[in-house]
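A, B, C, D and E label the chains in the order they appear, each numbered from 1.
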Amino acid sequence: MISFDLRIDRRGFSFDVSGQFDEGVTAVFGPSGAGKTTLLNCLAGSMRPDSGSIEIDGENVYSSADGIWVRPEKRRIGTVYQDGALFPHLSVRRNIDFGWKLVPAEQRRLDPLEIVELLGLSDLLERMPSELSGGERQRVAIARALAISPRLFLLDEPLASLDVARKGSILNYLKRVHDEFKIPMVYVSHSVTEVVSIASHAMLIRDGSVLGFDRPSALLLTAALDGSSVERFENILHGVVGESTDQLTTIEIDRISISTRHQNKNPGEKVVVSLGANQIILAPSEPNQLSARNVLKGRVKEIWSSNGKVFAEVDVGPEIIVELTESALNELGISVRSDVFLIFKSSSVDVFDA
Amino acid sequence: MSSDASIIVLSFQIALVATGVTLPVGMLIAWLLARKQFHGKFALDVFVSLPLALPPVVVGYALLWLVGTHSWFGSLGESVFGSTLAFTWIAAALAAAVVSLPLVVRSFTAALAGVDPRLEVAARGLGSGSFRTFFTITLPLAYRGVIAGALLGFVRALSEFGATIVVAGNIPGRTQTIPAAIFTRISAGDSDAAWRLTIVSILLGVMALATHNWLLKLSSTVSRDSSEVG
Amino acid sequence: VSDNDENIPLIFAAASLSDVLEDSAELYENETEKRIEFSFGGSLTLANQITQLGAPADGVFLVGDTAISRISAADMLNGDGNGAVLFNQIALIGTNNSLPLESLTDLAGREGRIAIGNPELAPAGHYAKQAMMSAGVWNQLSDRLVLTSDVRSAMAAVTSGNVDFAFVYTSDVTSSQNNSFKQLTVIEDGYDQIFYTFAPISGAANHQAVTDFKSFLLSSKQAQDIFNAAGFQWNVLLTRITDTGGHH
Amino acid sequence: MISFDLRIDRRGFSFDVSGQFDEGVTAVFGPSGAGKTTLLNCLAGSMRPDSGSIEIDGENVYSSADGIWVRPEKRRIGTVYQDGALFPHLSVRRNIDFGWKLVPAEQRRLDPLEIVELLGLSDLLERMPSELSGGERQRVAIARALAISPRLFLLDEPLASLDVARKGSILNYLKRVHDEFKIPMVYVSHSVTEVVSIASHAMLIRDGSVLGFDRPSALLLTAALDGSSVERFENILHGVVGESTDQLTTIEIDRISISTRHQNKNPGEKVVVSLGANQIILAPSEPNQLSARNVLKGRVKEIWSSNGKVFAEVDVGPEIIVELTESALNELGISVRSDVFLIFKSSSVDVFDA
Amino acid sequence: MSSDASIIVLSFQIALVATGVTLPVGMLIAWLLARKQFHGKFALDVFVSLPLALPPVVVGYALLWLVGTHSWFGSLGESVFGSTLAFTWIAAALAAAVVSLPLVVRSFTAALAGVDPRLEVAARGLGSGSFRTFFTITLPLAYRGVIAGALLGFVRALSEFGATIVVAGNIPGRTQTIPAAIFTRISAGDSDAAWRLTIVSILLGVMALATHNWLLKLSSTVSRDSSEVG
């Protein structure tokens, strides 16, 4: 549990952010220059705010009022910097070892070898940072920060220059690390899909102020209605893997089941499912003969509209938010309490390890 | 006249001891100057650099006064060593150290100040205290300037003459270093003997430089960049 | 900086003479409107510059035998007339609480280190060594000796309290208004006469001007007073001859 | 027109890439460590290959056989480096001016002031690079490279740490620059959507070799079937803006029109439309009563399947590729030459300036 | 006795001229050493550094021999300047330059070598030739080492004594620099006058150091980093 209240004044930028992060994963969103990196720097202790306080697990690590300042090396916070900040004079191996060696053996919970393996760095261990590609550098930065088995893990757009395949596998690894060791994470990203699957909370920052801090779905809805900060709204649903065929895998969520592309998962595995609000079609009556593998019956619970966008919350068992247009709404005569059918393709559903 | 070999050994011993003192002291001062803000910073800077601004002979006289019985430092030295330090090889090493310190400090300061503080910040965040960070990150990243400073300091100590001869005298076998011996021989008109030691000086300089370059290469894995822009 | 340096005589002179020579040159210029320039340094260094490296000296004013012999050996001096112009003596000084000494033999009975210029380098050291040898104390004292580069450092070794005694020139004692040491005794004999030679370099462009300046020094009461005040003694023989005009 | 043939051998990595880029925009894809940055560096002249040749507009700028090597400053190639490589001792203004000042006045085709304005840097001109956020730094790097009015413009993941809104506007600006001045661009990216709208060709690199070089749609299809290098397949269609209502804008493409979210565009404006293959639902007969605003009739021209994924190319006027599952294919009895309906939401369509 | 003022002016002139020579020459050599590979690189390095390894007096003799009428260089100089350079202020400046060059080169080399070559690459790509790139990118980024090197060189030139007195003599009004005058006054027992000039030396050193720090501050906009890690 980290609670903080931070104030900084720079010419042209004033920063005033407070909040509490629990042991889950918190996603931090916001446009370029919003103050996301500033927030992480303050938590990590690499920047000292003008005033405020930071408390980690009941320990006051910073308080301007009481003159408390715990030095960064005493905080055991793993930070993945936006620019990597790899040590240019140390090989990849020694970069990763650097912090690990300093952790008392009994506090080491992550095995550097496994980290290296999972981040696909095994062949690069003897390279110098100057001999790495951009994406390789980012992975080394992640490994280095993880290796200290941090009490809190801060990631500043760590996957920005990685390909999809790597992104997915690293995200899954981070999630596993998080679940297994309950290391709270703060994850700065511009990509909603990247974070949605992993975050339990989300904070939206703009111009140095918190615009919203909530469950990701709730925050995303605000942000999506607002339209500028995130691409789109994603429904995040927790479920377990059902049966699989060659092409499809079913995921059981509450009372319903959803078809997805084939997943390499065993029945019973817990997963998180993300489904874009704009990928779902609404129909007032049951459609037939569609390629879409998912047709769910439900009842409209709520309708918001803003900036020409309309979102409808439909209770199909879990609640799912659908983006639609005003014209469709009117034409189909849908309103709160209407019974409707949600239609979406199996390929519209992204599945992540829970 | 004492033998060339013993003069060389003595010179080497004096320069090594002097360098052994200037490197840590210089590093500490450089670190203070490069990374800390404090009152009297400029005064420290001036004080350390003074020997560079003064003719070595003046430095020699100043040191002679310092180690003399009149001064607090001198009486301390006397009670520790049993007699005044002046005119001993320790005084010669002291002179060499004082005279080479500004070169060392200046090079080290520039080198330390050139290290990207964000890397130090990153190291701190990984649990490395400021002491360890200094030795594992800052110092290795500043290696060019550090090695260059060490070279300058050592070679300057080897060739130190003006201050040494005043505070340590020119006592063959006891305080007569290579430069003092060369001077003596030139004055005595023994140019062959002076030449011999001059060549030794040159060789020592070449050796120091070769060591310097070797150390640079050893630690230059840092910049194995492959850019080869015509 | 003069625009025709070429015609001004340049005299290479012992550094210990710098004050007196510059003052006399000023006197000379006032009276004759002729300028003299000096380059000061250790006598041996100066001799080497002239004989080995062709330094453009028109004349020399050096202390001791070694330096002048080197110039003479290089055939750069004109026959006779180059004898001593000035004399100096050796004195023993000590720290303020030292007791006066009757003779060098007493020195052997006292504790403490003794500074002298390195005999190979500094004429003063050379003479001090001679004095100690003839007093028969050299062997006893040599362990307690501290060899400095020149006579001034030997003196500073006493004034700073690092040694107890030093051999210096009487002229040094006179010129130093320093009360942190005490002159214990003047050593009258037991060493070669300490003399300064002033001679033009043969073949030098301005050697005649050097001769003129030398004549002036030997004939001007005012100039001689400057030297006397600094503790040097003139070679009376020479000044008398000059008084009668011309030294040839 | 740039043609090149480049070979480099590094321990553990051998690079052998050749191709021709015309005056359009070429997207370069590939996993981390594939050699994308290496390719750009060779073209820019900041890295000298072991052997090969490079010809720009008929001028031989590198040829190992003939010993030709035109120095980078003579090539007038604007490069946006992956890590920015801003000059740390110069203000933002002077970073941007740096190259611009060196271009003869008659060759200047872009106005730095306008560049600065469009990249949202006006307020940052007097800042030093160390005072910028990650995204701000990337934008300055773009501005600096554009300011030299380059003959060829190389971008190495330039939008990686920018928010959606900025990404879109910068992409549109780049496209405008490209169209107006016909500056060939090579654009390295991991994000298909980012590039698809702008590229006329795409190159897929892996392990230092070219796996494919084709029109983006064709290459994307290969890559999407393969599944590891890109997120998904995007249909790219060229059209003009039709009429707009408060919520919707129609885009006319060949004989059909498509509903999109409201666009701030005038009728008749040329646009590029991107439509994810996985966002389209297929139906064998005309559905009714759906919230989806687009229902297009067409005939299946071709069906590919690979790795459990099925793609169907449907001629609806333009040809549109739809991703579906094998089970849907079988269930609906769809095969080549079937008449089908494509259903997709207006919010599934992204519209870019043409 | 020439006035203190004229001695100070002359010293300053000599040190300025010497620095005016060592800075560009030192920069060129440093650039060659830091960025180029060529045959004889080590030889150049050794040659430039030699004056540091040798007692200044020996350097002085070497220079005197070089500019003396006996040598080819000396006769060239004679035909250009109308007379031998030895025992002129130009010789003094030459001595100061030669003795301070190693300090300058060593500092500059370390500074230039520390600049990230990728930034030079970026500048080249923006159309800046290698010459311009050097002056607008490399040099400003190496500013700490460059300013430190210039300070070392200038202050060393100001305090140069051993080589100067041999090659240029100690001629009041013409070649007598502050260190030579201090030496002369000590020799003549005029310790008050020696003290005065020593204080002047110290003041000049402080001024040079203050200028150095001011230049550093002036160009340190580079690193306005706000990291303030405990």
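One rule holds for everything that comes next: a residue touches a chain if its C-beta (ideal position, glycine included) is under 8 Å from a C-beta of that chain, and two chains touch if they have at least 3 such contacts.
Nothing here was measured: the structure is a model prediction, and the numbers come from that model.
Chemist: What's the overlap between the neighbours of chain B and those of chain D?
Modeler: Expected: A, E.
Chemist: With chain centres defined as mean CA positions, report which chain is farthest from chain E.
Modeler: When every chain centre is compared against chain E, the largest gap points to A.
Chemist: Find the chain most remote from chain D, comparing centres computed as mean CA coordinates.
Modeler: C
Chemist: What is the distance, in whole Å, between the centres of chain B and chain E, each centre taken as the mean of its C-alpha atoms?
Modeler: Centres of chain B and chain E (C-alpha means) sit 19 Å apart.
Chemist: Approximately how many whole Å separate the CA-defined centres of chain A and chain E?
Modeler: Their C-alpha centroids are separated by 59 Å.
Chemist: As a quick test, compute the distance in whole Å between the mean CA positions of chain B and chain C.
Modeler: 36
Chemist: Cα centroid separation between chain D and chain E, in whole Å?
Modeler: 55
Chemist: Could you say which residues in chain A touch two or more other chains, in rising order?
Modeler: 45-46, 71-72, 131
Chemist: Give me the residues of chain E that touch two or more other chains.
Modeler: Residues 61, 118, 121, 124, 130, 183, 186, 223, 225, 227, 229 of chain E each touch two or more of the other chains.
Chemist: Residues of chain C that contact two or more other chains, please.
Modeler: 45
Chemist: Looking at the complex, which residues from chain A come into contact with chain D?
Modeler: Answer in residue numbers: 10, 12, 30-34, 36-37, 82-83, 123, 131-136, 139, 156-157, 160-166, 190, 228-232, 245-248, 259, 261-262, 278-285, 287, 289-293, 308-309, 322-329, 332, 334, 343, 345-348.
Chemist: In the complex of these two chains, what residues of chain D are touching chain E?
Modeler: 44-46, 71-73, 75-79, 81, 85, 87-89, 98-99, 102-103, 128, 130-131, 144-145, 148
Chemist: Any idea which chain B residues touch chain E in the complex?
Modeler: These residues of chain B touch chain E: 42, 45-46, 49-50, 52-58, 61, 102-103, 106-107, 109-111, 113-114, 117-118, 120-121, 124, 144-145, 147-148, 151-152, 155-156, 158-159, 161-162, 178-179, 182-183, 186, 194, 198, 201-202, 204-206, 208-210, 213, 223, 225, 227, 229.
Chemist: Inside the complex, what are the residues of chain B that reach chain C?
Modeler: Checking each residue of chain B against chain C gives 1, 60-61, 64-65, 67-70, 74, 84, 86-87, 165-166, 169-172, 180, 183-184, 186-189, 191.
Chemist: Quick check: in the complex, which residue numbers of chain B touch chain A?
Modeler: It comes out as residues 118-119, 121-130, 132-133, 136-137, 140-141, 143, 219, 221-225.
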